[in-house]
Amino acid sequence: MSSTAKKKGFGATIWDYLTTVDHKKIAILYLIAGTFFFVVGGIEAMLIRIQLAKPDNDFVSAGLFNEIITMHGTTMIFLAAMPLLFAFMNAAVPLQIGARDVAFPFLNSLGFWLFLFGGIFLNLSWFLGGAPDAGWTSYASLSLASPGHGIDFYALGLQISGAGTLIAGINFLVTIINMRAPGMTYMRMPLFTWTTFVASALILFAFPPLTVGLFFMIFDRMFDANFFDHINGGNTVIWEHLFWIFGHPEVYILVLPAFGLFSEIFATFARKRLFGYSSMVFATILIGFLGFMVWAHHMFTVGLGPTANAIFAVATMAIAVPTGMKVFNWLLTIWGGNIKVTTPMLYALGFIPSFVAGGVTGVMQASAPLDYQLHDSYFIVAHFHYVIVGGIVLALFASAHYYWPLMFNQMLNETLGKITFVFFFVGFHCTFFVQHFLGLMGMPRRVFTFMGGQGWDQFNLISTVGAFLMAIGVILLVVNVIITAIKNEPAGRDPWKDGRTLEWAIPQPVPYYNFKQTPLVRGLDTFWIEKMEGNKEGMTYAEPISDIHMPNNSFIPFMISLGLFVAAFGALYHQDADKTWSIPVLIIGLAITFASMITRSLKDDLGYHIHKEELMNEKGGKH
Amino acid sequence: MMKGLKKWRLFGLLAALTIFLSGCGEEYLSTLTPAGQVGKDQYNLLLLSTAIMTFVIIVVVIIYVLAIVKFRRKKVGENTIPKQVEGSHTLEIIWTAIPIVLLLILAVPTVSLTYKFADTKAMEAKDADGNAKAVTVNVTAKLYWWEFEYPEQGIVTSQELVVPTGQKVYFNLKAADVKHSFWIPAIGGKMDTNVDNINKFYLTFDKESDGLKDGVFYGKCAELCGPSHALMDFKVKTLSQDNFDNWVDNMQATKGKTADKKSTDLGEQVFANSCISCHAVSGEGTGGGVAPNLAAFGDRNRVAGFLEHSEDGIKDWIKNSQELKPGNIMPEEKALNNGKEFTDEELDALAAYLMGLSVEK
Amino acid sequence: MDLNKKFTPQSWPAHPENSTLEGKNKTLGFWIFLGGETVLFATLFATFLALKNKGPAGMEFSTQSLFELPLAFIMTMLLLTSSLTSVYAMYHMKNYNFKAMQAWLIVTVLLGLGFLGLEIYEFYHYVHLGFTFTQSAFGSSFYTLVGTHGLHVILGLAWFILLMLRNSKRGLNLYNAPKYYLASLYWHFIDVVWVFIFTVVYLMGVLG
Amino acid sequence: MSHDVEARTRSKHEYEYARKRANQGMRNQVTVFAIMIFLTFIAFAAVQAGMSAYLVAPLILLFAAVQVALQLYYFMHWSEKGHGMAQFFMYSAAFIAFTMILAFVTIIWW
């Protein structure tokens, strides 16, 4: 879609993307892969809703239903929401801080390919004997008892893609700490950069427990270990702890970048500086910190005892305070502003009441004795879809419109965008609002069917209808993308006219080396400052034009990931006595990975330079 | 379009309120119609928290609507640059302090109820004769059925919990195979049944279940436990103390009951040949059965927790138990009868025999 | 960066690991990675503490019956010393003394191999007694915790060896200096973890 | 990127001073090493001596913490400047590690 693509042959473009280490192209890769998985997860959601549209439905069987919900949850969280956020982080953060690229371009690409191969591996389970069926939480007693290889696909697939996520997280941390342009102090960083920073720190600390938990699961299922086997002294609750020590921060890993994106959008379209910037930063950090202290609120009914429950209940409630600070700061940002309701802004405005509604039900669940009633009922399903869809998905859709011109130099159609919003938003509330009541009326979650006459029939039907409205919304968005791509009208620089942060200062299409000269940052919303001072270029430079050092493209990340992908099949099938090929496959896979790593290590890969003279002649982003 | 939006919002709120007030949901199943102290406490907590949350939402929505109405570009003017405000400490303090107060209001009952519900000391209390004062039920959750053992009374039943009203009933909960969760929505919040340990909690039952639609409260399994998790229902019959004592006596009286292979009753004969190895027909004894105890089967409300309780239902179950409840442990028909299907005659007799297994005359 | 640029001890930067942007990024990134590793090991420790001495009914293995202090002590000494020798190696790296650096690294590797040998011997011994990975939850958690540490030792050694071989002809430059520095940080981190292993697993295990 | 290589040749005087500092530093490292060996020795001896676990356990945990601090501040150069971020992440990790372990050994278990 970029202008460079057209000049090259198709094969060359593919090769370019397979080997790219450019954050802007990796962003596009994340966007494509994430969207693909979002549609897969969305189709799974539709299957769930169709099955539950009426009582005693037999659209899908009981076992299949469990596979669908498990894959829906897992796909949406790990393979759709996170990668889509990574897409925008990659697209915007280096530009927002005025960097040439991320700190480790090679690792950036490795992170992507690990995620993609892990995701593909997980989804291949559908075709290789059945998907995982123990819920996205994969609680140990059930997941150990689950026959077939579904759970093995889950554990190995998440292990691979989790490694990719961890790498991406570390990369963003270093990028943000070390690669900021001169003048870009911490307290001048755009909020999306800040939230990316905190979310990455959460990734750093939350993924290792998941990694360990998944290894335990793999060892127990494939190598006869006894971590969760209570007969041999194991304890299933260890899994629950490890999963939630990861799982709770995970939801903030998702929602914090979404908050950041909305902060950018509010400020831009209210034409006003973000209200209470420093308290926003503070709240972000506080949420990140508290996120690690509350995991047991998912385990109130496990029987940890009243002291544990009470402590975790109160700690959980505390998170409402910093989140509230954010909500009110957003409100005060638009208050007194000059609000233009563009499509991104429409999503942002839709977000506030939706997210607050989801957040306050979270606080209700935090009240442990009340959660005894709510836990594992549809109330929970309602809560988390309100925060996830009303928070993260709306942020993703908003940013798709907001950052489309930055990524592709094209504008998505605004009218169609607003129509998309209406379908999706109305459908969303219609689907999930009634689920609160289903839960209170005694409907447990994860049920593949329900008996008629228990008072649940109407609401389930309403919920299904809403899901269809959402699907129409998603399809309209896809249509919008296609129309825009065909029209192919360049959007140019600062297409929203009200851009405030550095990424809007860069010329379009963005040159592959980003800023020709490193910008000098003169305050918060530096582009806005320059514009207000009448600087046509929108930037002050920190250095004269000089040689730019660029990293080389590399195919090695792809190979490293491919090796692990192959090896995972070997590990998975080694339990089956009849699959004698499994050990050789395991060894071959690991050999590919290690050989690729050693190749990387033995070569001196120093990159190349774009010379000053070339830069002087350059007009725009073609190369 | 924003107008449409707002209307939708208002409509949502109103709808919510009406639904709430009408006390929606079924009496035997809904947490909104609590029939026991635990459930009532939780319901009150629900009301309190809902009130707080509604307040929060209203405040947010008011500011939000005003902001959108007042500061649209159409109103403010295309080229106006608003004042770039940095923030406000006063406001900052207000919106930190007020939520903290609201949360404290919620935290106090939260903590106190947490401890209250966890208080199971009375389980151990004994009267002068060394008998436990309180009624205790040992619940074992199994794929996909429930076993209820009354250790003090020396009886065991399944699928249908029978309890006295007007007192605390204590539960020891555990799972035999994978994790499940024990939930009677209309009575009170749930507790997981783990494989590694025994959980204890109590519930109180204020209302006799006689007057309810099916004459029972509905109980649910609330933890994903396999394909038939959705069908792992149980029922709760609440009786007055006298009726409960009666029931216990009747159950105890089934002591030693068994099915006779030489019986003149064809149903009993078949049962003795094919079923008794797993299903007991005496309600006296301890838990740990591989299959539900059927001593009181005739008094049940459902077959296997969810099928219609009738001879047809039983026959359906025997013929198709695997399709009806995927993954359950009861063997297929042919496996029960030496590789043959039961004849219609045998099935009828079996069903009649099973319906006759009753302790409530 | 010009790999052929020749340095003298005098022109060699005082902090070669941090004197290029790549070097700065790598050092910081590695520290952050170590933060993640800390949590990873914490998870393993927590699990070990929860499952310590837990096994099938009637299991005769316990930390007190299994562990012997003299072996753990020798292992500790080897690893601690190797930590010091790698400090020496970095000292010479900063002095631009490639030969001395490589020599000290060889000593480090040898000490590390000694540690690894003893660990393998220890595991072999336990397995011989019937205390295996699959025997009990205690076994699973013990071997996973200590084994993960052992795996780190192997990786650390492989890293050192690869670096030494790869650069034996190239000598020191600003491209590989950060790599040496990181490998040595990794080695210290392994030692840090071991300090907790010998304290929490062995010493407190023997205490009961 | 290459242009920010710090490529300044130090003056002879500077260089010699730095060498001296480094030597001094290395001597410190050896002292630190001696302390670590000493702490290890005491820890093992205290356990071997069979003293009360209530006394010994906190003691050896303290020793472990001191040893680790020595590793980090001396062997891993935290005492030199420019390690703020490293410390920040490691301390955060330690804090989370501590919470997790505390939870696993106390209120969370039956």
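In this document, chain identifiers A, B, C and D correspond to the written order of the chains, with residue numbering beginning at 1 in each.
To be clear about the criterion, a contact is a pair of C-beta atoms (placed from the backbone, for glycine too) under 8 Å apart; a residue touches a chain by one contact, two chains touch by 3 or more.
All figures in this text were calculated on a predicted structure; none of them were measured in a lab.
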Handout entry: Contact-richer chain pair [A-B vs C-D]
Key = A-B
Problem - Furthest chain, CA centroid comparison against subunit D - result: B
Completion exercise
So, in whole Å, the Cα centroid of subunit A is separated from that of subunit B by 36
Handout entry: Where subunit C and subunit D are represented by their mean Cα positions, the distance between them in whole Å
Key = 14
Practice task
Starting from the mean Cα coordinates of subunit A and subunit C, work out the distance between those two points in Å.
Solution key: 34
Exercise for the section: With chain centres taken as the means of their Cα atoms, state the distance from subunit B to subunit C in Å. Expected result: 52
Problem - Residues of subunit A whose C-beta touches two or more other chains - result: 173, 177, 204-205, 209, 235, 237, 245, 303, 305
Exercise for the section: Scan subunit B for residues touching two or more other chains and write them down. Expected result: 196-197
Practice task
Provide the list of subunit C residues touching at least two other chains, using ranges where the numbers run on.
Solution key: 1, 21, 28, 32, 35-36, 39, 43, 47, 50
Fill in the blank from the handout: Touching pairs here come out as A-B, A-C, A-D, C-D
Exercise for the section: Flag every residue of subunit A that touches subunit D in the complex, lowest number first. Expected result: 100, 173, 177, 201, 204-205, 209, 237, 241, 245, 292-293, 296, 303-305, 307-308, 311, 546-547, 549, 607, 609
Handout entry: Of subunit A, residues touching subunit C in the complex
Key = 103-104, 166, 170-171, 173-174, 177-179, 204-205, 207-209, 211-213, 215-216, 219-220, 223-227, 229, 231-235, 238, 242, 245, 598, 601-602, 604, 606
Practice task
Mind listing the subunit A positions that touch subunit B in their complex?
Solution key: 61-63, 65-66, 133-135, 139, 141-142, 145, 230, 235-237, 270-273, 275-279, 301-303, 305-306, 309-310, 313-314, 317-318, 320-321, 324-325, 327-329, 331-332, 334-341, 349-350, 352-353, 356-357, 360-361, 363-364, 366-373, 375-377, 418, 422, 425-426, 429, 433, 437, 440-442, 444, 446-451, 454-455, 532
Problem - Parts of subunit D lying in touch with subunit C, wherever the complex brings them together - result: 1-2, 4-10, 12, 15, 18-19, 22, 25-26, 29-30, 33, 36-37, 40, 43-44, 47-48, 53, 56-57, 60-61, 63-64, 67-68, 71-72, 75-76, 82-83, 85-86, 89-90, 92-94, 96-98, 100-101, 103-105, 109
Completion exercise
Residue positions on subunit D within touch of subunit A in the complex are 1-3, 85, 89, 92-93, 96, 99-100, 103-104, 107-108, 110
